[in-house]
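Got a structure for you, questions after.
All chains are identified by letter, namely A, B, C and D, in their written order; residue positions are counted from 1 within each chain.
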Amino acid sequence: MIQDYLILSIILFSLGILGVISRRNVFTVFMSIELMLNAANLAFIALSRLHESMDGHVLAMMVMAVAAAEAALALAVVILLHKHKGKLDTNVFSLLRG
Amino acid sequence: MENTATYLGLIPLLPLAGALVTGLLHMLTCRRKPLPELFYGVVGCIGPLLAFFFALVLFFHLKGMPAEERFLSHIPYTWFAVGDLRVDMGFLADPLSSLMLLFVTFIGSLIHIYSIGYMAGDENFGKFFSYLNLFLGSMLILVLGNGPVVMFVGWEGVGLCSYLLISFYSKERENVLAGNKAFIVNRIGDFGFVLGVSLLFWAIGAGGFDYLALQANAGSLTPGVGIAVCLLLFLGACGKSAQIPLYVWLPDAMAGPTPVSALIHAATMVTAGVYMVARFSFLYVQFPVAGSVVAWVGILTALLAAIFGLFQRDIKKILAYSTVSQLGYMFAGVGVAAYSAGIFHVFTHAFFKALLFLGAGAVIYALHHQQDIWKMGGLKEKMPKTYWTMLIGALALAGCPPLSGFFSKDEILFSALAHGHIGIWLVGVVVAALTAYYTFRMIFVVFHGQPRDQHAWEQAKDAPAVMTWPLLILAFGAFFVGFLNLPGLFGGGLRVSHWLAPSLVESHPHVGLGVELLAVFAGVAAFVVGITLAYRKFGKGATEPEYRGFARFAYHKFYVDELYNALFVQPYKAFGGVISRILEPKVTDLPVRLSTWLYRWAGNAFKVLQVGYVRVYALYMVIGLSLMSLILSQSIN
Amino acid sequence: MHDFLTILPLLIIVFGAVVLMLLAAFEKVSLTTAAGISMGFFAAAFAAQLLAGCGPQRLVFEEIFNGMLVAGNFTMVAALVIFACGFFSTTSSHTYFQVNRFDGLEFYSLLLFAAAGMVLLTMAAELITAFIALEVMSLAIYVLVGYDRNRVTATEALLKYLMLGAFAGAFFAMGTALLYGAAGSTHFTAIATVAASEAGSPLLLGGAFLLFVALLFKVAAFPFHAWVIDVYDGAAAPVTGFMATALKAAVFTLFANILAIHGALHQGWVEILFYLAVFTMFAGNLIAIGQNSLKRMLAASGIVHTGYLLVGLVAISADTFTGAVIGYYLAAYAAGTLGIFAALSYLGGEGEKRATFADFRGLARVRPYSAAAITIFLLSMAGIPPTAGFMGKFYIITSAIEAGQIALAVLAVVSSILSMWYYLRLIVAMYFQPAEETFATTGSPWAGVGTIALAVSVFAIGLYPIIV
Amino acid sequence: MFSYALSVMIFLPILGGLALFAAPVGRGAARAIGMAIALAVLAMGIEIFLGFSPVGGMQHVEHRPWNLSLGISYSLGVDGISLLVLMAGAVLFPLVYAVFTTRTKGFYANLLLVQGAMIGAICATDLVLFYLFWEIMLLPVFFMIGIHGGAGRLPATLKITIYTIAGSLLMLAALIYVGVAHQAQFGFWSFAIADLAALNLSGGFTVWAFFMFMVAFAIKIPLFPFHTWLPDAYTEAPTSTTFVLSAIMAKIGVYGVIRFVIPVFEIEFARWALLLALAGVAGMLYCGLAAIAQKDLKRMLAFSSASHMGIIALGVFCMNVQALTGSLFQIAAHATSTGVLFLFVGLMEERMESRQIDEFGGIAYQAPIFATFFAIAMLASVGLPGTSGFIGEFLIILGAIKFSIFIAVLAGTTLIVGVCYMLWMYQRVFFEKSNERTAQFKDLRLAEILTFLPVILLIVAMGIFPQAFIGKIEPAAQLQVAQLQKGGESGGIAASIDLAPSPHNHKN
């Protein structure tokens, strides 16, 4: 049974990765990262059940908190980006290169 | 066996001190207020004269000792000692070195005196005497040194002075080039000398590295090493004494002032090679093969130089080739293990050749530095003293009995015959005829016939007394020193040979009276033939002949200089150019430049990867991650 | 009580952060005072840590708070390095902000928070703590990177760092999850014990792998290095300095702790770390040689130094681990890098207008002392004696050879040869070329003083290697 | 002599140099301070030389543990091997201050630093300490060339710096390897050369470590084919720096081989000696031939210097006491002769603003004293007996014969090669006719005469009374060679050929 959870989790995680490397919109990218974190959360909860310990749950909570903090920051970044260039395409922001 | 004589060290020191004093004074004053020439002349002559005095003292000191104990030594200090190698700064006087010492200081003193006249008016008068003194000091170290390394000090020292004096008129490029040539060719010889000495050390030098110790240990030399040592040392001698293939520098060396040619390039320095071979007689006598090489090289050099001498037009070059030729005789002598004969020829040659050079110098002096014999002629009347003294010298050189040259040359040819070297003897006789021919060609062209340059002829006159007196003294010597070693055939007692015997390892073969007579007869015949031919051709005034065929080839000295230039000098220079222009920047440095270039290239390539798109960076991460997991899964399986 | 005493420096820092945050809310103090307060807290924490270190001899890994944290000489040194970094970053910042006016009191508060996260990270003994500490640190640093809201490059740097950092954070979380699944515990020791018994477990392997990826990202190891150039370039000079030193120190300490806590965790990774170290060193050099901007060059050279530290990790031996080698290298590296960023903060001018090699031409003619100080830092980074960088490199190579990794040691040496090019390039520009400007600066002398102090410490650390 | 003489000799110049950087003094005062310090060091050097007892071991030993965990110590000492190198470092520096009067303060400060570091490298008996000074001494040179050098100074200074640092860093790895091996064999850390000499190195990496050491020293010497930095660096550097490079720094490379490589890697050394000797000879020939094609006087001397260094290095690789002593002696001899030649060229450049051989001529008439001094130094450089150059060269060739006849024959050609380019140069520069440029050349002033005279006299004295020097260095050379022969035997290599007659040939 546990394998199923893990496989699902890894599928979600991989989807997140794909999103990060394929999408250019900042929002989508951050959503993909959220997806990856949620994949981890899924694994935490499942494994916590497996081991019958609460560590996994705690971790999941922590991850959620961190995700929220990062999301807050991400929103700030989005605003800044929009302010500077009016666009949210990550490719636009490639002044620093070479 | 050895006694000490503390004044030995003083003998070379005296001229050296003179060199230092005159040199320093000249160096410090020449730019402002030069000191009077007389001062330099007097100071410069003190050293040689005192050295001559001590040489006499030494001679009588040795004479007063029993014949087998005639060894005096003085070791002021240890020069250097490393491991088994111990080289003392030591001096050794034995019959051989005392003889050398005597004539070197004697002729040296005479030439110093002569130079006061000859060099008068030269702006570098003081420098000249300094160099001359330095030369004499080095020569005395060479002669007196008690081992090969100390000898090498003098050996190189005289080479340096030779260089300095050849290029004395250093404003002209030609002169300096001649000096360079002399130094470099000598260095080629020294290369052999150093290697030979080093080899000798490893073979038998551990027990002491002076002549006496080496002589005591020489018996244990293996033939391979022994012959190698002999030949390497002979290479040194070839350089110093202008033998094939290193003779080329000596004719050019005539660029120096004439007293220098007389002293260094005729009487003393160039004979150092002969002296060295005689010094190592204990080696050469063990390995007759090496001796034969020496003898053959010597006699062939004699022949070659005599042939060149036939066609020269520069009076000094004639004498120079004659010197090379006579040196060849000497090597033939020491090569056939007749060391005393070789040394005796050194001794007599010093007198008559110095005389001839000084005479030639007087002629050149009188004609305002005209050296071409085809611009001279008929000087007999104008310069009688010079003529008669030079005539004595020429007769001695040509081997006219009973002058000195006859006896010494005869001794060598006789020894060659007696030791069974028929070939050498035959060539030697031919060379004797050639010698007589070219010598008298010179005498006849210069002094007889009609003046070829009327203006110069009218102004010519005998040199001042300070120059003619040495001529007279040398002429006296050139005439009579031969009697010192009168062979038994003429009722003499070979006194010089006997005097030298303790220093040399040689055997005197016993041959019949017929052989002796044959040798004497051949020598006289050669002289007569040569002088007759010369008289026929040049005796009554001749014009410069056109050279064709072989003569032209010989006139150009077989193009040996050109050959050497093409074979060695130009390739050397070209190689230097190739290295500094092509090899150094493009080949040797290539790995460094290539790696630098590669590094920069890769750096630029990496710059491209920093595209600035954040997505791509994430992609790099994922790619890296995938690759790493691939490696990881490999390592698990 | 003992446990609290052990983390007293951490508490001081957190307290300071909160105090500054509160002060910022009321805007009652000047920026200079805020910087002073920040420096005071860093100094106090440093002193407290030193005092704690003077106590009885500790084990390498002493568990406190029921195994939530470990403390020992190694973590202590790491904390000292971090506090020092904070201190000098503050001095640099003060000067920097007098020229570039986009500061606020919160800046110093965030600096303290970041430092707190870092110190916590060094002491983490299990994954939950590590994750929290990592995020505390990262979130603060994100803000610091993008602190200059009006500059588009700063925002871009923030975007890149945040996006990739969050991406890596997700790997960390996933790795943690898998490791937890494999071991049933988040404690390093427990995980290591499991690793020793069942080496091939895919969960364990995958988890550790993802965890390491996250850490390697933070220290900018190849191939997770690409962000570092742009982010360092975009961030303000003092922040870059702080990131380059303190952050690296914290993450490497955690890395070393994880690897050294049990031999089993180390063995399986030697090979991959070997290749990572090699590629990191050479990739860093190749990037650095092509740069014209100083900050980008320094970022690339930071990658190279990460490579050296990875060499140190390869050479770790669980039995004899003291952390001395890595701790020393971190300190040496921090001194040099902080110093040069302090100098850049001081000399960079308004809007960091002096940023490239060419901009520093002839500095030595005009400002000989600044040039001398920069030279010292560069030499230290290049590993030329008698600077700290030399001894650091000496230790690293020694440990590598001791561990039998001779090839790695030689490659490290080759890499330092390559690194000479770009370090010397700056020295050449400063000394051998004529000055084109006056290098007038208007900032406070704090950064200058800090620079001198760091220059002295480069020699002090180098000549009297303190053995941890 | 007080017991910290060596430390003082090292740190007086270093601290003086650092103080000079910081102190607000003019160039005249800076020069005076530098001169005073250099003279103080010279006085101490002479004191050490005179008080030196000719035995094999270390003297003036200082030992202070420094880094306990790795066994690094601050240990200094002088023995016969380092004595002459040390003397070269002490004797020659005052000349620079005396001759070059118009440099900046920073230049004199750098000069002091480099002197201190060099003396440190010479006296260090701990490998790490040596490495420390070895690296430090490069830095002032880097700055001196880069700041004060000629037009092409930037590439030249980068090349010498990166080249030599590359070598040094490789040596660092090898050095640590040796230290680790010592720890593994004896159970404690030490980098003291006396401890490392006891090491029995084997294993695959040993040969690499050996070559890493050798490459580092070969670059500094410089040994063919690692010499390519030299012509540019020597030419572009200010002459005083060229002087320091050629007279002393290059010698420390040779010294390093003798001091550190021979005791530690005796087996490898014996095994590769032939190859290394070949490199030495090849370098001698190659650079000697290149010298003849140079148009720039300084560049010619640079190649000449490299050529001689090849011979000096050869002496070390011949592995017998004669050659080794010869090398040690030649180190000092070459330092004085070539060093002075470089100074003379610097002088000519300052007065005539040219270094092109073609643009000179007839200086001997304008400046007889200068020409004489130059000639003496030149003759020493070509190895004329009676000057310092002969003894060393002779001993090296003599030793080389024992080692390999082939090598010795090649080495012997140095007698010929050296004289060719030197005479060629002397002819064009000092002889022939003077021109507008040389006509205004003033002879040496009294102060300059007094400056150079001691060195010229030293050149002559070293040729006439070499035993005063050789006697002090020979015992140490004996020890070193004994160590090598041990290595050669245990490595199963015949270190020399047998020229002496075998016993059964002795009949008398």
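Simple rule for what comes next: a contact is a pair of C-beta atoms (placed from the backbone, for glycine too) under 8 Å apart; a residue touches a chain by one contact, two chains touch by 3 or more.
Everything numeric in this text was worked out from a predicted model, so none of it was measured.
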| item | value |
| --- | --- |
| Taking each chain's C-alpha mean as its centre, the one farthest from subunit D | A |
| Intercentroid distance (Cα basis), subunit D paired with subunit C, Å | 43 |
| Interchain centroid distance [CA atoms averaged], subunit A/subunit D, Å | 65 |
| Inter-chain centre distance, subunit B versus subunit C - centres from mean C-alpha coordinates, in Å | 77 |
| Subunit A and subunit C: spacing of chain centres that average the CA atoms, whole Å | 26 |
| Residue numbers of subunit D (touch at least two other chains) | none |
| For subunit A, residues that touch 2 or more chains besides their own | 20, 29, 90, 93-98 |
| Subunit C, residues touching no fewer than two other chains | 159-160, 163, 167, 229-230, 290, 421 |
| Which chain pairs touch, all of them | A-B, A-C, B-C, B-D, C-D |
| In the complex with subunit D, residue positions of subunit B that touch it | 23, 26-28, 30-31, 77-83, 85, 89, 149, 152-153, 155-157, 160, 163, 167, 170-173, 176-177, 179-180, 183-184, 187-188, 190-191, 194-195, 197-199, 201-204, 206, 219-222, 225, 572-573, 575-577, 579-581, 583-584, 588-589, 592 |
| Touching residues (chain side subunit D, partner subunit C) in the complex | 21, 67-70, 128, 131-132, 135-136, 139, 142-143, 146-147, 153-154, 157-158, 161-162, 165-166, 169-170, 172-173, 176-177, 179-180, 183, 205, 208 |
| Residue ranges of subunit B touching subunit A (in the complex, touch as defined) | 607, 610-615, 618-619, 622 |
| Parts of subunit A lying in touch with subunit C, wherever the complex brings them together | 2, 6, 9, 13, 16, 20, 26, 29-30, 33, 36-37, 39-41, 43-44, 46-48, 50-51, 53, 55-56, 58-59, 62-63, 66, 69-70, 73-74, 77, 80-81, 84-85, 90, 93-98 |
| Footprint of subunit B on subunit D - complex, ascending | 159, 163, 224-225, 227-228, 231, 286, 289-294, 303, 320-322, 325-326, 362, 364-365, 368-369, 372, 379, 384-386, 390-391, 394-395, 397-398, 400-402, 408-409, 412-413, 415-416, 419-421, 423-424, 427, 430-433, 443, 464-467, 470-471, 474, 477-478, 499-501, 505-508 |
